[in-house]
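These are the structures, in structure tokens.
Okay, so chain A shows up in both of these, paired with chain B first and chain C after.
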Partner chain A sequence: MSDTSQVLPEADLFSRDHFALFGLPRRFVIDERALEGRYHELQSAAHPDRHAHRPEQERRLSMQWATRINEGYRLLRSPLTRARYLLELEGVDVGAENNTAMPADFLMQQMAWREALDDARNAGDPEALDALSATLRAARSGAESQLVRELDEEHNLSAAAATVRRMMFIARLGEDIAAAHEKLEN
Partner chain B sequence: MALLQIAEPGESTAPHQHRLAVGIDLGTTNSLVATVRNSVPVVLNDEQGRALLPSVVRYGADGGVVVGHAAQSAQAQDPRNTIASVKRFMGRSLSDVAHVESMPYVFEDAPGMVRLRTAQGAKSPVEVSADILRALRSRAEDSLGGPLTGAVITVPAYFDDAQRQATKDAARLAGLEVLRLLNEPTAAAIAYGLDNASEGLYAVYDLGGGTFDISILKLSRGVFEVLATSGDAALGGDDFDHRVYCWLIEASRIGPPGLEDMRLVHMEARRAKEVLSAQDSVHVGVKLSTGDEIDLTLTRADFAAMTQKLVDKTLAPTRKALRDAGLSPQDVKGVVMVGGATRMPHVQRAVGEFFGQVPLTNLDPDKVVAIGAAIQANVLAGNRSAGEDWLLLDVIPLSLGLETMGGLVEKVIPRNSTIPTARAQEFTTFKDGQTAMAIHVLQGERERVSDCRSLARFELRGIPPMAAGAARIRVSFQVDADGLLSVSAREMTTGVEARIEVKPSYGLADDEVARMLKDGFEHAQEDMKARALAEQRVEAQRLHDATVAALLADGDLLDTSERAVVDASLAALATAVKGEDVAALKQAINDAGRATDEFAARRMNRSIQRALAGRSVESL
Partner chain C sequence: MAYSDKLLDHYENPRNVGSFGKEDDGVGTGMVGAPACGDVMKLQIKVGPDGVIEDAKFKTYGCGSAIASSSLVTEWVKGKTLDQALEIKNTAIAEELALPPVKIHCSILAEDAIKAAVEDYRKKQGTQVAPAADAA
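Our next item is the complex of A and B:
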């Protein structure tokens, strides 16, 4: 090594966005098998189990990396969090907390679903809960197709943000259905 | 000792050494230790050829500590000083413990964790567990012929942070280096999956002596990914014994028995349960010290009927885990049965009916956890060989959160998050000029603080006075690969950084562990110093060797002046390791760590990049 040796900086992967970390194009439609495969490859190199017998410093780095990779995988795996993340990268705040303006027809729909949940809960009817879950699944997959168009084809970010807000409502309702199921079982 | 030889920078490091590592199943009823010998996982037996060490410790009035079979046989004669099923008390306060009235112990309610009063004073469950671990450690060291590098200790997947921390403290107290706390069902999956080269979705149903776990795993090309886990940290074979015990007392129409008789009847109840796994009926005949007699026959059908509620109690968490994983019972390809309590035929029947298939019982349910832990310990210690490059991705069982206004809990990390994981939440002040904020960390699924387990409370002080709502306090949670949580908080707006690391309130304070360690040694001071020096030397050796190897592999990541700094720190480390001064050695390790930090970060970055490029990377 001479005095003039130069070290070429390697890309700092840690601070890149999740799509770059997983080597995937920044799109809503994602190759799920590739995502999972990359996830396993990345954790195979980074996971604390691979560094357990190594110096403390390396174990710390390993935990930071594995944490970062888990976070990226979590966000990219689910269509809802992936869409939110894509919008965030584009500088669009979905504004879940304050922007609750939704089209009137969806508000009507919401109220109907809420009522169906209350009825099923009061009647202690697990089949009615399952039926509502199936309805929500259909609504979710409809919203996902819409996001493909809005994000990947038309690049209509404000429309996509509205769709994401609808999906967030559907997700919350899904959690309430799961909680109702659990209550029935106990 | 060859381990302490330091190679000069540039020299090749010592040839590959086999490091002695074990897996320990620290069970409610029995404990085991296993290792990998000549690439084959084996359970290590005691001198009489017995694999199971009863998790029973007797603290005699003569000052002696007896662990295992001998302690177990003394149970009826000296119930108060003979502690069994101590795992049920780990990380628990008195109010958490069920059936206190039918236990022969004298409990003391201590802050954080209950204590048991014995002839040798009040014992923390951590100390009792440490005595069990010490017995297993010496069994392993005698059998393997040298000191252990480290151990993987298994814990129920459903153990919360307090119980995990208590287990780790116990290992520390027993002088064991914990390579990892591993969830019991996951350990079983390793033993099972590697044995059968399985792929697909599996459920591990683990009913032990005192705990129940259900884990749903996805096995694919060497990756064991836990999708969801659930369970009951206070449900196991002990509860089945207790039902039989109550029946024996009631059906014999005798009054509440004394301590010795209580133990005796309990042991008979357990025997009856075990016999019924092989036979259709069992006779129980006991003469009590009061002259009362128990003379009863229990049939398998009656036993099944009286304990059906307990079996049903395992199915609710099973449904929950499946729902969390987004699966139905028929999606599961195989159900692995783990834990001695799964030998009961009506348990197997219920699980079989639930999943619509015959559960897998071809591995010994008592040993499979220790075997899996040994296989993992071997890998973590660095004895990895070709074909052993599987990956474990596990989760936390219970959500972690913070107390917010009105006694409610805000979840920060949801249950079933893959570990390690980190999340942060921002809060603000609600009064003008507020300079401190109370932070209360909780674990559990319920909405109200009072229904969750309190893990830690601390106060962030030194917030500069600001208008209400202007401060931004960021509370960060980090869960490591052992499933253990650390929390920090800081105020973000002012550049003034107030920060605190939480010491969990339930864990043992460092000085408490130090006191216990001291009590355990005859020449406490000298031994502790020798131990501290040995530990630091191992870490120094590790850092030195790793850096030397790293320079050979990735020296191009440093320019000449950076390289000179690293070389100098290695030379200093090599000098310091020869000395006897612990503080100087620690300092040299810190210095070398700082000097090589950037290098280590660049190397990690490179190795991740290579992994991403799909190139196979040998161990760093």
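Our next item is the complex of A and C:
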């Protein structure tokens, strides 16, 4: 009979440490294959089907595990949410709601990108959208390299929080570009 | 979600959209952004020789609540001194527009934009006054 406790650390269900659950060191740079592998291992151990014939309490527990595993996996997989989570573990709030003082040149850049998106949307120009996506990808990968330095090497948490805030703008703009793309295609 | 009439009015007919020349004398520019929703707001004030805000313009990329909040504050700051403008609180903006709780950060953005514009104006005035003070 399969037993969740063989694979899932019993006491950890309500712990918030996703790194520990996935057996990864608390770092921004992670072994993505190890994350995938452990995710599948955990998922299959916690899968509700496996516990279908077990007592109700165990079935409920396996559902809770499945939820927590999915949540942790999604959070660790994306560099933006992973960085934000690492800062949270260190007690640093990125101030997504109330920190509005972004560097002026960054905001000017955002305005320019937003204008370019409007223009491309109004002109129905998919190539302009592609060009903007490429620019944004470069900005995102630049920010990720910066996070590697700030989080893993220099442990400069306030700088990392500022980079995370910038990445949030970039991610949001990326979603809007994708939505504009989809609209053009339909 | 039900939005208030005032909010919808400012969103559908935003007041004072546009820009002043950034380098113009008497113009203060505030740029702020909200990471949570990716909103970007530029608020500009034009200050007369008597220190009263004569005109204001804004440009906002963001949701309806962010646009309405910035439109509203361009109306509110006109005719105010800088110190009076700094007294505008986000809670008053949120109340006037009946912003839902998840949109409170839009009113924070608008308040911070006023502060940033006033600060920019004062900094510009300071740098213009400083050489004369040195000469005296």
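Quick note on the criterion: the second predicted complex is superposed on the first by the 171 of 186 C-alpha atoms of A that agree within 3 Å, B and C clash if a C-alpha of one lies under 4 Å from a C-alpha of the other, contacts with A are read in each partner's own complex, and residues count from 1 in each chain.
Convention: a contact is a pair of C-beta atoms (placed from the backbone, for glycine too) under 8 Å apart; a residue touches a chain by one contact, two chains touch by 3 or more.
The structure displayed is predicted, hence computed values, not measured ones.
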| item | value |
| --- | --- |
| Chain B versus chain C as contact partner of A:152, first or second or both or neither | neither |
| First (chain B), second (chain C), both or neither touched by A:63 | first |
| Dominant toucher of chain A (residue count), chain B or chain C | B |
| First, second, both or neither for A:172, with chain B first and chain C second | second |
| Partner chain(s) touched by A:44 [first = chain B, second = chain C, both, neither] | first |
| List of chain A residues in touch with chain B within their complex | 1-3, 5-7, 10-14, 21-23, 38, 40-58, 61-63, 65-67, 70-71, 73-74, 178, 181-182, 185-186 |
| Chain C partner contacts - residues on chain A that touch it in the complex | 94-102, 104, 106-108, 110-111, 114, 164-166, 168-169, 171-173, 176 |
| Of chain B, residues touching chain A in the complex | 19, 149-150, 179-180, 221, 223, 316, 319-320, 323, 376, 379-382, 389, 391-393, 417-422, 478, 480-481, 539, 542-543, 546-547, 555-560, 562-563, 593, 596-597, 600-602, 604-612, 614, 617, 619-620 |
| Touch list for chain C against partner chain A, complex | 31-38, 40, 42, 59, 61, 105, 108-109, 112-113, 116 |
